[in-house]
Amino acid sequence: MMFDDFQFSSILVSTIRNAPVLMFAAMAGLFAERSGVVDLALEGKMLASAFVSAAVAFTTQNPWLGVLAGVGVSVLIALIQAFVSITQKGNQLVAGIAINIALSGLTFVLAQFFFTQGGRTPDLGEARLFDIVLPGSAAVANIPFFGWFYTKLLGGHSVLVYLAFGLIPLVHWVLYHSRFGLRLRAVGENPHAADAAGVNVERTRFMAMICAGVLCSFSGAYLSIVQSGFFLRDMSAGNGYLALTALVFGNWRPLQTALGCLMFGFFTALQVQIEGVVFPVIGKVPGSLIQMIPYVVTVIVLAGLMAKSVAPKAIGVPFVKSR
Amino acid sequence: MNQADLPRWASTFALPLLNLLSALLVAAGVIYLLGENPIESLQILVNAAVLDPEGLGYTLFYAATFIFTGLSVSVAMQAGLFNIGSEGQMYIGGLGLTLLILALDTHLPGWILIPLAIASSAIFGAAWAFLPGYLQAKRGSHVVVTTIMFNFIAANLMNYLIILMIPDGQQNPASRLFANSSWLPKLNGLFPILGETPLNISFLLAIVALVIYGVAVWRTTWGYQLRATGLNQHAAHYAGISIKKTIIVTMMISGALAGLAAVNSVMGSTHYLNLNFPAGAGFIGIAIALMGRQHPVGIFLSAILFGALIQGGFDLSLEKPNIPPETFIFIQGLIILFCGAMENLYAPALSALLKRKEK
Amino acid sequence: MQPAVEFQHISKRFGAVQANRDVSFSIESGSIHGVIGENGAGKSTLMSILYGYYQADSGKLLINGQEQQIRNSHEAIVSGIGMVHQHFMLVENMTVLDNVMLGGEGGFRLASRRKEVEVTLRDICKRYNLEVDPLDKIQDLSVGVQQRVEILKQIYRSANILILDEPTAVLTVQETASLFEVLRLFKEQGKTIILITHKLQEILEITDEVTVMRGGTVVGSVVTAETNKEQLAELMVGRPIETQLPRAAYAPGDTVLDVKGLNLVNDQQVSLLKDLNFNIRAGEIVAIAGVSGNGQSELLEILSGMRLPSSGSITMQGKTLPYAGRKDADGLPAVYRERGIGHVPEDRLRDAVVKNFSVMMNSFLGYQKKLGKTFGLLDYKQILSNCNEMLRKFDVRPADPHLRIALLSGGNQQKVVMAREIDANPKLMLVGQPTRGVDIGTIESLHARLLAMRDAGVAILLVSVELEEVRALADRILVMSSGAITGELKVEEFDATRIGLLMGGLHKH
Amino acid sequence: ADPKVAVIYDAGGKFDKSFNQSASEGADRFKKETKINVIEVQVASDTQAEQMLRNLARKNVDLIAAIGFAQAQAVQNIAKEFPKTKFVIIDGVAKGDNVNSVLFKEQEGSYLVGVAAALSSKSKKLGFVGGMDIPLIRNFSCGYTQGAKATDSKIDVVQNMVGTTTAAWNDPAKGGELARAQMERGVDVIFAAAGGSGMGTLQAIKEKGKLGIGVDSNQNYIHPGNMLTSMVKRVDQVIYDSFMEVKNGTWKGGVTYKGLKEGGVDWALDKDNRSVVSADVEKRVNAAKQDIISGKIKVVDFRDANKCPV
C-alpha cells in the first residue's frame, strides 16, 4: 500500500495548508496584544488585504504587487486602529469591532463598484501565487513515504506557507532577543515602568501595530490569492476571531500560539475526513455535529489542560500618565 | 484636555453629536463616490426610518431586539466580562421558546403560553451562558474565547436541530408555523398610525428591561457588587463578594437577556424558528453596549440608531440601486468607530473653544 | 558652584487641584536634598516634572545652570537624571537584567549585550554591596530587593541627579541603613540626590538641606544641621505635632481572638506560616513586628477571610471561624466581617478601594449588605450623609464625596478606609501598615483613632514594619520571622536591638 | 399597459453564483426583450421579506417573484392580504390562488451529472461539496449519488459540507480545502453545490487538473477543460416565463414541479466541456435523461422522507 492512500497523510498535508491563515493573523495579534493593544480587528484587516491583494493582483496580473498592496492597506488600517486606540485612547474593543463591521461592508461595496460581480473580484487565473515544487520532486515522487514526504508535505506549497512557518522562530527571536521585543513586552506588561525607563510607550505600540498590520495582510493575501484565487465578500469567515482564540490558547507566546493554529488546522482537516464515515455503534454522525469538534475541543482544552492563561497585564488599557 | 473639563451638556450631547456627524460625513463621501447625492440619500433615510410612521414602527421593532442584546452585553461588561456569545445565546433562546410553543401551542391559551415561552427563552439563553461563566469562574478559561466557541457550537447544534423540525413537505429549514395563541400582540392596535409593522409588546418589554437594568445596577447591593467585581476583583474579594458566584450569575443573566432577544422576531414577527434568525443581532449588541456606555439611556438611543439604519438603509437601497445595502454595514462600523471609540476626538478643540468664549 | 537643579516658578494643575503653585528652590550639586510635606503637598508632582513625566503649566527648570525642556523620561535620562518612583517601575515578569537594560539596550540584538551587562551588574553589586542576582525575575523578589534593583538601574545608567520618592516607605531598618550607605557613596562621587520621605528621622540623618512643601507651595528651605524634628514637623503641618499620644491604662478584657496551631503551606509546598499560637484580648493592641515578607501579610489575609489556612483553628469570641470544607476563600470575608472583624489591608490601592468608584461608593465597600434600604434600593441620601460625616471626622481632604477616590492622595485614601472600618464598630480590627506613605500629621490622627478604639474595648491586631509605630501603639509585641513567631514582649520591655535580632530569627524563646 | 413586475432576492443576494443569480439573469432577459422595467430588491431577513412584499403589493405591482424558500411564509401571508397581486415563490410552497409555487426536481438533474461523473472517474471515487447541510442541498447530493451508483455500484461518493451558518456560502477557502482533501483521498470528480464557496472548490479542482461539476447556472465557462458539466436549474427560465405570462395574460397560480421533462433542470453540454465529455458519456447520460422523462427511472426526492436510498 502506498503511504499516499493512508488518510492520515492527507490530514497532515491539509493541516499545513489550513494553518497559515490563522498563523499570520495570530502572530499579528501577538504583536499587538503583547504591546498592550487588544486586536479584535484582525478579521477586518484580513478582509481588507484579501480584497486589495486580489484586486491589485488581478488588475496588474502580478500576485506580488497584490501582496504588496495588501500589506499597504492592512498597515493603513492598523494605523487608524492605532490612532484610535493609542493616540485617542479610545476603547480598543470598540475600535476593533467597528473596523471589522466597517470593512465587511466597505470591501463588498468597493468590489461591487469596481468589478460588478456581486462583491467578488474576477478570477485571478495566472495572477495567483504558484506552489513551489522542490527540486528533484519528479525523481523521488514514487519512493514510498519519502516521495510523499518530500513532494507533498515539505514541497508543493505556496511561498506564503513557508513564510508562515518561518515566522515562528523569527517572531520568537524578535520578541525575546531584540530591543524592539524587549520594549514591546515591557510596554504591554507595565507601560509606566517602560515610560520611566525612557521608552516611548506610544511609539512602541504604534510600531507593534504596524507589525500586526504587515503580518495580518499575509493572512488575507493567503486567503484570496493562494487559497481561493479571488476575493469574495466576508471570506475571512471568522478566522480572525479563531486566530485570537489560538493566541489566548497559546498564552500569547509564539510557539504555543502556532501550535494552537496547527491544532485548529488539524481538526478542520480531521473533520473533513470523518464526515460521512460510518462509526461502529453510533453509525454516521451528522455533519453539523462533526463541525463542532474543533470548538468543543478548544473549550475542553482551555478548561482542562491550561486553565489559566495569563494575558499581558496592560492589555486593553490606554496609557494615560495619571492615577 | 479631557472630558472632565467640559460642561455636562458638552460631553453628553455635543461630543456624541459631533462624532455622529463626522461618521455621517465620511459616509456621505462614500455615497458621493458611488455616484449618488448624499443629502438626498440622507433625506430618504431619515424619512424612511423616522418620519414615516410605518418606517418608525420597523425602526422600533428592530430596536427592541437590539436593546435586549445590548443589555446582555452591557450587564456582563459591568462585571468585567466580555460576552461575545450573545449571538449564540439568542439563538438558543429561540430554541427554548420554540420547543415550548411547539409542545403546547395547541393546548394552552395565549395568556399562559406567551409568558411561559418568554420564560423559556430566558432560561435556555441563561443555560447556554452558564458553562462559559462556570469555566471562567472556576477554571479561569477566558470568557471571550469560550463564548466565541459557544457561538460556533450553537450554530452547529441549531443547524442539526432545526432540520429535524422541518414539517413534512416543506423546504425551508424552519419549524412549523406557531399557532396564533403564541403570537405576541402587536402595538398597532394601540397606535394604528404605525401601520402594518411587526412592532409588538416585546418593545415594551425591552423598555421595562432597560429600567430594571438601570435600577438593578445602580440602585441595588447586587449591582454594586457587580460593578465592584468588574472594576477591581481584589477589592471585591476583600469586600466579601463571591467573585465566582457573581461571574456565573452575571453570565446567566446576560444569557437570559440575549435569550429574550429572540422573543421579538420569533414570536412577534416570523412566528416560526428559522436558521440564522439572530442575523448578527448579538454582535450588534456588542456595538450598542459599547456605544451606549452600558447606560440604559445610551443603550436605548444606540439601539434606535441601529434600528433606524437598518430600516432606513433598506428603503434607501430600494430607491437608489447604486447604493447596495452593504453600504449601511460600512456606515454602522463608522458610527461605532466615531461614537464609541473616539469620544475624545473633539474634546480638546471644544474645550479650547469654550475657554476662549469665557474670556 | 552652580546648583544641580533649580526650579523657577513651577506651577502645575490637575483639573481642580493646583498640585504645584509657583515653586522655586534650588539644589546644590553634590548634596543630598530632602523634600518633605504632607500627603498631597505636591512633592511627587514636582519630581515628575523634573523627570519629564508631566509638563509644568508654567515656570522654568535649570539643570546645572542651563534652562532645559524635559519632555519625557528619555530626555531626563539623557540629561543624567534618574528617578526611583514611589511605586516601583519594574516589569514584573522580566528579569532584573532585562529591566536594567530596558530603554538603554545599546543595539537591536540583545543576546551579546546581555552577557556584558550581566557582568557589569555583578560588578556593581559587589562594589556597592547590593545583593541582587541579575537573572532573577522581579516577581520572585521581595520589596526590599526590588528597591535595590531600582537603585541598580540608576547606577548602571550612571545618573548624576538621582530622585528618590519615598524609597524607605517599604524598607526595614536594616534595608534603610544599607540604602543610605549607597547614597553616601553616591554623594562622595559628586552625585546629587533628592530624597522625599515622611520620616523626619531620615531627613535629619542623611540630608544636607531640606525643603518643606505644603499645599503645592514651598513653605521653607532649611539647612538640616540647623533644624530639628519639631521645627520641621511644625513647618510641614502648620501646627505642633504630639509625639506621645495619651492612652488609658492597660486593662485588657476577654479574649476576642484565639489562634491555635495555624499553618499555611502554599501551592509550591513552601511553608509560609508555622504553627502560630496567640490571642488578642479586648482593649489591647497586639503588634506583629517583622521584616515584610515573613508571613504577616498571609496572617492578615487568613484572619480576614481572604485566604484559607492549611490547618489550625481560629476562635472568635469563643466560636470558631469557619473555613473547613471550603475549596477557596471566595466570599469568605463577608462571613468574617459578619462576626465583627474589621480589616485595613496592607495594600490599600489593590484591596481596600475600587479606584474608579467615588469616595462615597468606597465608603461602604464590604458593608454593602448592611446598608439601610428603601424598597430594597440603596438609600443614597443616607449613604451620602454618612460619608460626609466620615470625611469630616477624619479630616479627609478634599472632603468631596463625589471625587474618584484614585484622585485622593495616599494618606487621604487611607483615612477613608480607616474611617469606613471604624464606622462598622468591629470587635476585632486587623490593621496592616496603616501609615505607610502617610505624612506625620495624618499619622498622628490615625494613631489617635486606633488608640481610641483600643480604649473603647476593641481588640486590635497591628502589622507594621515601623518599629516606631509599634512602640507608639502596641501593648504587646509579637515578632515574626520566616512564618513563625520568634518572640513576644510587652511594650515596657521594648528593645529595638532585641526585636531586630528576633526579626532575623536568631533568638528562639 | 405594461405590467409592473418585481424580483425579491433573498439574503444570498443577486450575485450569489446560485439561484438568485440565475433569477436575475431571467429578469435581465425579460428586461432586454420587452423593455419593461423590473424592480429588483434584496432582503436580509424573513421580517424584511414580508415588509418588502407588502411594500411592493401596495405599489400595485402585478407580479412579485420571491426567490428562495426563506420567503415562502412571507409570501403566503402577503398573498392573503393582497389577493389581487400575483406571486411566484421559487423553491418553496405558499398557499393561495394568487401564488405560483415553483419547485425543482434537483434530484433528476443531479442524477444525470452523477452518471456523467461515474463514467468519467478513473479512481471510481466521486466528491460532493455542499454549502450548508439543509434538505435542498441534500437533495442535490442524493440525486448525484443515485446516478453514480446506478452507473457503477462500486463507486464511492465522499461528501462534505462547508459549514452551518450563512457564512458557509461565502467561504471559498474552505470550499477549496474540502476539494483538496477529497482529491487527496483519490476523488477525481467533484460536484460543487455551495454558492460562492463552490468557486473555491472548482478553483482547487482546476489546480489539480481534476474534473468539477457546476451548479444552478451553466458554470462550464469558469474553467473550460476542467468542468465536466453543470447541473443547471433554470430559475432564469421560470422567472422569464412568469413575467411573460403576466404580460400575455396567461399566468396561473398553483404548485409547479420543474423536472427534466419540464426543462426545469438539465445537464449542460457546450463548447467549454465538449472536449471533456466523450461521445459514450454523452450517449449514456442522454439515455438516462430519456429514461427519467419516460418514467423508466425513478429518482428519489430526498425531501420526501428526509432519507437517501443509497
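Letters A, B, C and D mark the chains as written, and numbering starts fresh at 1 in each.
The rule is simple: contacts are C-beta pairs under 8 Å (C-beta built on N, C-alpha and C of every residue); 3 or more make two chains touch, one makes a residue touch a chain.
Bear in mind the structure is a predicted one, so any value in this text is a computation, not a measurement.
Shared contact partners of chain A and chain D are B. Between A-C and A-B, more C-beta contact pairs are found at A-B. Most remote from chain D, judged by the distance between CA-atom centroids, is C. In whole angstrom, the spacing between the mean C-alpha positions of chain B and chain C is 46.
In whole angstrom, the spacing between the mean C-alpha positions of chain A and chain B is 29.
Computed from the mean C-alpha positions, the centre of chain C lies at a distance of 75 Å from the centre of chain D. Multi-chain contact residues, meaning those touching two or more other chains, occur in chain A at positions 119, 233, 238, 286, 288, 291.
Residue positions 355 of chain C each touch two or more of the other chains. Contact of a single residue of chain B with at least two other chains is seen at positions 156, 159-160, 163.
Under the touch rule stated earlier, the contacting chain pairs are A-B, A-C, A-D, B-C, B-D.
Residue ranges on chain C touching chain B, taken from their complex, read 15, 304-306, 329-337, 343, 345, 350-357, 361, 365-366, 368-369, 371, 373, 376-378. The touching residues of chain B, counted against chain A in their complex, run 30, 33-34, 82, 84, 131, 135, 139-142, 144-146, 148-150, 152-153, 156-157, 159-160, 163, 283, 286-287, 290-291, 324, 326-334, 336-337, 340-345.
The touching residues of chain A, when paired with chain B in their complex, are 84-85, 88-95, 97-106, 108-109, 112-113, 119, 233, 238, 241-242, 244-245, 248-249, 286, 288-289, 291-292, 295-296, 298-299, 302-304, 307-309, 311.
Those residues of chain D that touch chain A in the complex are listed here as 13-17, 21, 133, 158-161, 163-164, 167, 170-178, 180-182, 184-186, 196, 199-200, 203, 207, 222.
Across the interface of their complex, chain D is touched by residues 5, 7, 9-10, 13-14, 17-18, 21, 117-120, 123, 131, 223, 227-230, 232-235, 237-238, 268-269, 272-273, 275-276, 286-288, 291 of chain A.
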